[in-house]
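One structure is given here, and the rest of the page talks about it.
Naming follows writing order (A, B, C, D and E), and every chain is counted from residue 1.
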Amino acid sequence: MTIEFRGVTKRYEDGALAVDELSLTVPDGSMTVFVGPSGCGKTTSLRMVNRMVEPTGGEVLLDGRNVRDADPAELRRGIGYVIQHAGLFPHRTVLGNIATVPMLSGWSRRSARRRAGELLDTVGLPAELGSRYPAQLSGGQQQRVGVARALAADPPVLLMDEPFSAVDPVVREGLQDELLDLQRRLGKTIVFVTHDIDEAVRLGDRVAVLRVGGRLAQYGTPADVLRHPVDDFVAEFVGKDRGYRGLSFLSAGDLEVDDVATAAIGSVPEDSDEWRLAIDAERRPRGWLAPGSTVDGRLAEVDLVAGGSLYRRGTSLRGALDAALSSPASLGVVVDDDGATVGVVTARHVLDVIERHPASVTATSGTANTTATSRTANPTATSRTPRA
Amino acid sequence: MTIEFRGVTKRYEDGALAVDELSLTVPDGSMTVFVGPSGCGKTTSLRMVNRMVEPTGGEVLLDGRNVRDADPAELRRGIGYVIQHAGLFPHRTVLGNIATVPMLSGWSRRSARRRAGELLDTVGLPAELGSRYPAQLSGGQQQRVGVARALAADPPVLLMDEPFSAVDPVVREGLQDELLDLQRRLGKTIVFVTHDIDEAVRLGDRVAVLRVGGRLAQYGTPADVLRHPVDDFVAEFVGKDRGYRGLSFLSAGDLEVDDVATAAIGSVPEDSDEWRLAIDAERRPRGWLAPGSTVDGRLAEVDLVAGGSLYRRGTSLRGALDAALSSPASLGVVVDDDGATVGVVTARHVLDVIERHPASVTATSGTANTTATSRTANPTATSRTPRA
Amino acid sequence: MSITDELATYLGSANTRAQLWAALAEHCYLALLPILLGVVLAVGAGWLGRTWPPVRGTLAVAANLVYTIPSLALFVVIPGVIGTTILDSVNVVIALSLYTAALLVRPMLDALDAVPQAVTASATAMGYRPARRFFGVELPLAVPVLAAGVRVAAVSNISLVSVGALIGVGGLGRLFTDGFQREYYAPIVVGVVLTLLLALVVDLLLVLLRRVLTPWQRPASPNRPVAAGEAA
Amino acid sequence: GNPLRGGAEGGDDGRIVIGASDVGESLLLAEIYAGALRGAGADDVTVRPPVGGREVLVQALRDRSLTLAPDYSGNLLRHFDQDTSATTSAEVYRELPGALPEGLEVLDQSPAENTDMLVVRGDLAAQGVRTISDLAPRCDRLVFGGPGQWGERWRAEIRELYGCEFKEIRTTDTGGPVTVEALRSGEVQVANMFSTSASVYSNGFVPLDDDRDMFPAQNIVPLAAEGALSARERAALDRVSAALTTEKLTDLNVEFSERKRNPADIADEFLAQAGGR
Amino acid sequence: MIAETLAWLGDPANWSGPGGVPARVLEHVGYVALALAIALVIAVPVGLLVGHTGKGAVLLVGAGNIVRALPTLGVVTLFFLLLAESTPAAVVGLVVLAVPPIMAGTYAGVQAVDPHVVDAASGVGMRGMQRLWQVEVPIALPMVLGGVRNAVLQLVATAAVAAYVGLGGLGRYLMDGLAILDYAEVVAGALFTAALAVVLDLLLAGLQRTVVPRGVRLAELATSKGAA
C-alpha cells in the first residue's frame, strides 16, 4: 500500500506549526524513516496517517484514497502502530495484548489467541511468555510484543514511532535486525520515526530528514543523505563520521582478498617475522601471533594478540575498512558466512575499491532535489529548502 | 587527590553481588570513566567513594586514607557529586541550589551566594538564570547547575553518575566539551559513570570497563581499550567500529597536506576537468565545483556540490580519514583553527601515517593485564578476567 | 461493676444479641450499598471528565462542596428534596453514596490521567472507539488508584453510618445513643469494636477484590518485580 | 429494595413498627407494646431506635413509617392545641381525640404518669426552694437546662403563671445525661426532667412542686396510625396500659437506666407479671 | 422549604445572642481549631518521621485505617461518659477524625519526594535532620497542607456532633431543628456549616499558595502539563 503526503500541514490550536507542506511518497512495500531533531514534527506526521492527528492542510492518501474518507476506528484497525515503550496494555497478558486488534475486528476469542500465538513466534518470542504480563518482560521483549500486536491483523501498513529508543544499544541492534528480516519476509509498507540517524540509515529504504518547524530538508536513500547532504543542516545532523558511515552503502565489489600466513591452534608454529593469523579447527580466526614471538610448545590462546573486528565477505566496505584498521597486523580478517577465514584485506585495498566506485555525484548544480542513486525506485519527494 | 579501590566488594542485603573485588587507582587530577552494561555495578562503585554505599569488603582510600574513618556528612561535603537528572532541589533557586554545600559548611549566606554566582559563570550559564527555579530550566541547563552545585565547595574530587544521560545528543556533546575544558582548568580528580562507550572514550584519561557481576574487565586508556580489548566482552562492548574510532587516538603527526585547486565565490572560474574547492573571502571552504561543470557568470553557492566533513589541522587521524571519505572529490579539506582552508588530504596519505605509527602492541603474550600505551601515567589496575 | 462484668451482663441477654445482629446487618447495608453506588457515580464522573474536559473543574468543586455538608444535615434534608419519608433508610444510603462519590471523583480523575499516554494512544491507534477504550483500557488501569480511594471511602462510610442513629437509622450507631442515654459503657464499647471489626473485614475484602481485579500487578514471575502503585 | 425495610412500613400488611422518642423510657414502653402485640399474635413487630422528639414521631406516624408510639397525654394535646387549658388527666384525655389530626388515634391511656418537672440541686432546695413559686423570684439569676424545644413550649407559660423569666435557657437534652451532667456540675441551676426518671433521685436532685399546675397531666398513652391495629391488638395494648402504674413505671425505669438491663428483657418480665401474654 | 429557610435567615432573633449565628459559628470554629491543633501536634511528627526514615509505613497505614474506622459518635459518647465533660469528649472525637488524613498527607508528601533529590541531599553532605527540614519538608508541604485541608473539611462537617453532647456550634441548629422537624433551621445549619467549610478551605488554599515554595509549584505545574 502506497502512502502519499500531499502538501500536508499541521498547525496545532496553540499556533505551533508542527508540519509544514510535507509532500512525499512511501512506495508500497518499502520502509521510510522520518528522522530529525526533537520537535521537528515526526510524530505529528506519522499520526496523520492513521488520523490520530488531523492535518490542517493538504491530504494523506493511502493507495490514492484520502484517509479522511475512512472511519477512524476502522482505518486504524488496518494500520499497525508501534510506539516507544511499546504502549502495551499493562492489564492484559502478552497474548491478550497481541489479540487485541483481531478481537476488536470481531474475530472469535479462540482464533484471535491462536493468531497471537503464531505472532509470538514470528517476532521470536518463546510461547511460554504468552501468559505473562508486560511488567514481567524485559524492554526488548516488550518491544517485540508491541510489534507482534501491530502485526496481528496483518495490516498492510505499519507506523512505528521511536519503537526502539527505550532499549539499550545492544538489544536495539538485535531488534533492528529482526525488523529488517521481518520486513523482508512480510513486505509491509512501513513509516518509522527515530531521532537517531544511525538507526535511520540502517533501516530505511528511504530517509526523510525533517528540520524543526516541520519542513522536509531532504528525502532520499540513506546513501544519498549520508554522502550528499543537501545543506549544512542535514550535513550537521548526519554527523561528522558520515564519510566513514557512508561506506555502508558501498558494496565490496571486486575487493581484493589476500592470503595470510596462518597457524593452527594446537600446532607447533615455527618462528617467523611476520604476523600470523591463529585459526582453530574450523578455520575460525582466534587472534594474531605477533612477528618474532616465540611459542612454548603448542600454540594456545594465551600466546595470541587479540584480533580486530571481522569482515564478513559480501558486506559493505565499512566493515572491511574497520577490520583492517582494528587489526593489530593492519590486516583485516575476511570470513565467510560460517565464520571461517577466507583471507585478509588491507586498508589500501579498500581504498582502491572506493576509488574505483563510480562517482555517484550527479547533482552538479546546486539544486536541492535529492539525487537518484537509490537502492530502490526513485523516491518522490519535494524538499523546498534552499542550500544553506 | 588520589582515589584507590582496594579489593572492594559490595554484596547487597538481598544477596546481589554488585561489585566484586574491584581494585584500581584514579591518579590525582585525572578523570576515570566507569563504563559497562546496565547493572554492572558502576553506580555502586561510585557511591562507595562518598559512602553513600558502604562496601562489604575491601577498602576505598582517598589519598591513602580509608573513607570509612571520615564522618559521612563531612566527607560528602568535600566530594562533589553529580547524578543523573541532576537531582536539583526543586524548591530552591539555581543560586540556592549551588550555594547548598557552602552553606552546609558554614559559609555566610552572602559569600555562599557570591560563590554560586561565580560558578554559574564557570559552567557557562548566564547570571540571570540564578534566580530561576530548576523547573524553569532546560535539561542541559539543569545538568550544568548540577555540576556547579558539585563544584561549589571547590572539592578536590568529583563523582559524576551518568550526568548527561538525560539530555539530547547535541546538548550532550556540548556538555562533554565543557567538562573537558573545566577539567583542564580545575584539575579535579573525577570519577565519571556512563554506559556509553563513546562518552567514556571521549572524556576519560582512563576507562574502566565493568562486566555484569561487578567485575573489572579492563582498565586502561581509551586508546588501549578501543585498540586492544582484552577479551570478547570488551571487544563486543566497544563496538564494531572500534578500528575507525581508535583513530581518534592516533595523532596526525606528519600527515601530508596537498595543495588544492580553489575557486573563490564571486569570481568567474574557468572550465576545468578537476575538482576545485570553492572558498569564500576568508578562505573558508564552501563546497566543491565538479569537474567539467560550467558556471553561468560569477561562482555562487548554487553551483556547488556540498562538501564533506572538515578536518581541523592537528586533531586526530579519525577526522582526517572521514574528511577524505566524505568528500565528493575524495579530497578531505584541511582547515586551521579559524576555519580557513589549508589544503587537502587523501585517504591514502592517512593510511601512510597510520602505517608509519609505531605498532603500539606490546602485549604479545596473552596476559590480560592492560597495556601501557597510556596517554598519562600507567594506570594501576588488576583485571582478573581471563581471555575469553 | 467492671467493664468485663458489664459486657458479660450486656451480652448475656438473648434480646441484646438479636438486636446486635440486626444492627450489624443494617450497618453493613447502610455502609456498603453506598460504596457500590458511589463507585458507579464516580466512574460516571470520570467518564464525563475524560470525554468533556471542561466539566472537570466543576466536578471537582461539586465533589468538594458535597463533602462540606454535615452528614446529619444531609440525612435530614434529603427527604425534603426527593420526597422520601423521614425515617427511610434510603436517605442515609443516598447521603453516603454522595459522600463516597465525592471522595472518589478526584482519585478517579487523577487515576485516569495517570494512565500512560502511550497506552491510550496505542489503544486509539488500534481502532478503539472512545467508550470501549474507556471501559476496556483506561478504567481497568485506574483500578489500583481507585481501589485505594474505595478503601478509604469504605472505612469512612462504616464510621459515618453511626451518625444516622441520631435520626433513627444508624445501624450500630444506636448502641452509642443507647449507651449515652443510660450512661452505659457496654453498648458503646461493643459498638466501637464491631464497627472496627466490620471496617477491618471490609478493608480486607477490598484488598482481595483489588488483587483479583488487577492480576497484572501481582509479581507472578520471579525475574522481574512489579511496580507497586499503591497509595497510602 | 432494602431487605431490612420490607414493603410499605407500618402499612396494612400486618407489619407493625413501633417508634420511640428520645425520652429514655420511651424505648422501654415501646418494647412493652411490642411484647404485648406479639402476645396478641402479631408476628412482625419491630421497635425502631429512638428518634428525636414528638414532631418526628407524629410525622412518621402520619406517613405510616411508624404504626405506634408511646406518648404523654398532656404534651400530646398541647402539641396540637396550643391554647388548651386542660390540665387534669380526664380533661386532657377527653380533649385529645378532637385535637388529633386526620390519620392519628390514641388508645386507652394508662394510669401511669410521667410529668415534666423542674428540678434543682440539693443546695438550692436547702435554701427553701421547694416549689416553682419559690423559684420565681430568683429566676432572673438562674440558668435553665432542657430540651431544644423547651423554650418554645414553656417560656411564655412560666412567665405568665409564675412570673419567672430565666437568665438563660440552655439546650441540654431531654432529661438525659447531658441535663444531669449540667445540673450536677452547676452549669445550669434548674433543669427540666421527668417524674419517673431514676436519675433525678440517684443524683440527689430535688423536684419542685408545680403549685400552679403549669404542666398538664402526662398519662402514658399509645399514639397510633389510625386503623393500623386490629381489635385484638388494641385490646392487648389497652390491657398493658391498664396494668402500668406510675410506681411500676418508675421501677421499670430503674431497671432500665440504673441496672442497665435490656429493655426487651424488662418488658418481657413486666408482661409476664402483668399476665399480658 | 426555600421560603421557610429564607424566613429563618431573615429572622433577626436568629442572629443575636448566645444562640445566634455569629456565636454558633465562633463556637464551631473553636472546636475545629482546637481539634486541628491537637491533631497536627500528633499527626505531623509521626508522618514526618515515618516518611523520612521509611520505617513503619505499613504500621502507619494500618493504624491510619483503624483510626479512620473509629466512629466519631462512638468516640464522643464514650469519652463523654469517661470524662463527664462535654468539650473534651467532643474534641477527642474530632481529633480522632483529623489525625488520619493529616498523617497520611504528611507521610505521603515526604515519601513522594523524588528519590533523586533525597539522594542528592545526602550526596551533598546533609545530615538526617538537615535533609528533613531543608529538603523533604519544603517539598512535601503541598501534600501536608492537602491533608490538613482534607481534615478541616471533615472537622467542620462533623463538629456538629458536639451538639449531641450538649455543646454549641452550628450542630445545635441541626439537632434542635431535627428534634422538632424544623427544616428551615436544619437547612440553615447545613448552609452555614458548608459555607464555613468552604471559607476555611479557601483560607487554607491561600496559605498553601504562600507557604509552598515557588519552585515546587512550578515543578508541579510542569509535570501536570507534561501529563496532560
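One rule holds for everything that comes next: contacts are C-beta pairs under 8 Å (C-beta built on N, C-alpha and C of every residue); 3 or more make two chains touch, one makes a residue touch a chain.
Chain-to-protein mapping (UniProt): A, B = ATP-binding cassette domain-containing protein; C, E = ABC transporter permease subunit.
Everything quoted here is computed from the prediction, not taken from an experiment.
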item: Chain labels contacting chain A and also chain C; value: none
item: Label of the chain whose CA centroid is most distant from the centroid of chain A; value: D
item: Chain whose Cα centroid lies at the greatest distance from that of chain B; value: D
item: Centroid spacing, where centroids are CA-atom means, of chain B and chain E in whole angstrom; value: 54
item: Averaged-CA centre spacing for the pair chain E and chain A, given as whole angstrom; value: 59
item: Interchain centroid distance [CA atoms averaged], chain C/chain E, Å; value: 19
item: Between chain E and chain D, distance of the C-alpha-averaged centres to the nearest whole Å; value: 39
item: Set of chain E residues in contact with two or more other chains; value: 80-81, 165, 175, 178, 181
item: Contacts with two or more other chains, residues of chain C listed in rising order; value: 86, 165, 167, 170, 177, 180, 183-184
item: Interchain contacts (touch definition) - all pairs; value: A-B, A-C, B-E, C-D, C-E, D-E
item: List of chain A residues in touch with chain C within their complex; value: 50, 52, 72-77, 79, 81, 83-93, 100-101, 104-105, 132-138, 146, 149, 159
item: Chain C - residues contacting chain D, complex; value: 6, 9-10, 13, 15-16, 19, 22, 25-26, 29, 85-90, 93, 165, 167-168, 170, 174, 177-178, 180-184, 186
item: Partner chain E, residues of chain D touching it in the complex; value: 22, 52-53, 55-56, 59, 147-149, 152, 168, 171-173, 177-179, 181-182, 185
item: Chain E to chain D touching residues, read off their complex; value: 18, 80-81, 84-86, 165-166, 172, 175-176, 178-182
item: Residue numbers on chain E that touch chain C, as the complex places them; value: 1, 57, 60-61, 64-66, 68-75, 77-78, 80-81, 104, 107-108, 111, 153-154, 156-158, 160-161, 164-165, 170-171, 174-175, 177-178, 181, 183, 186-187, 189-190, 193-194, 197-198, 201, 227-228
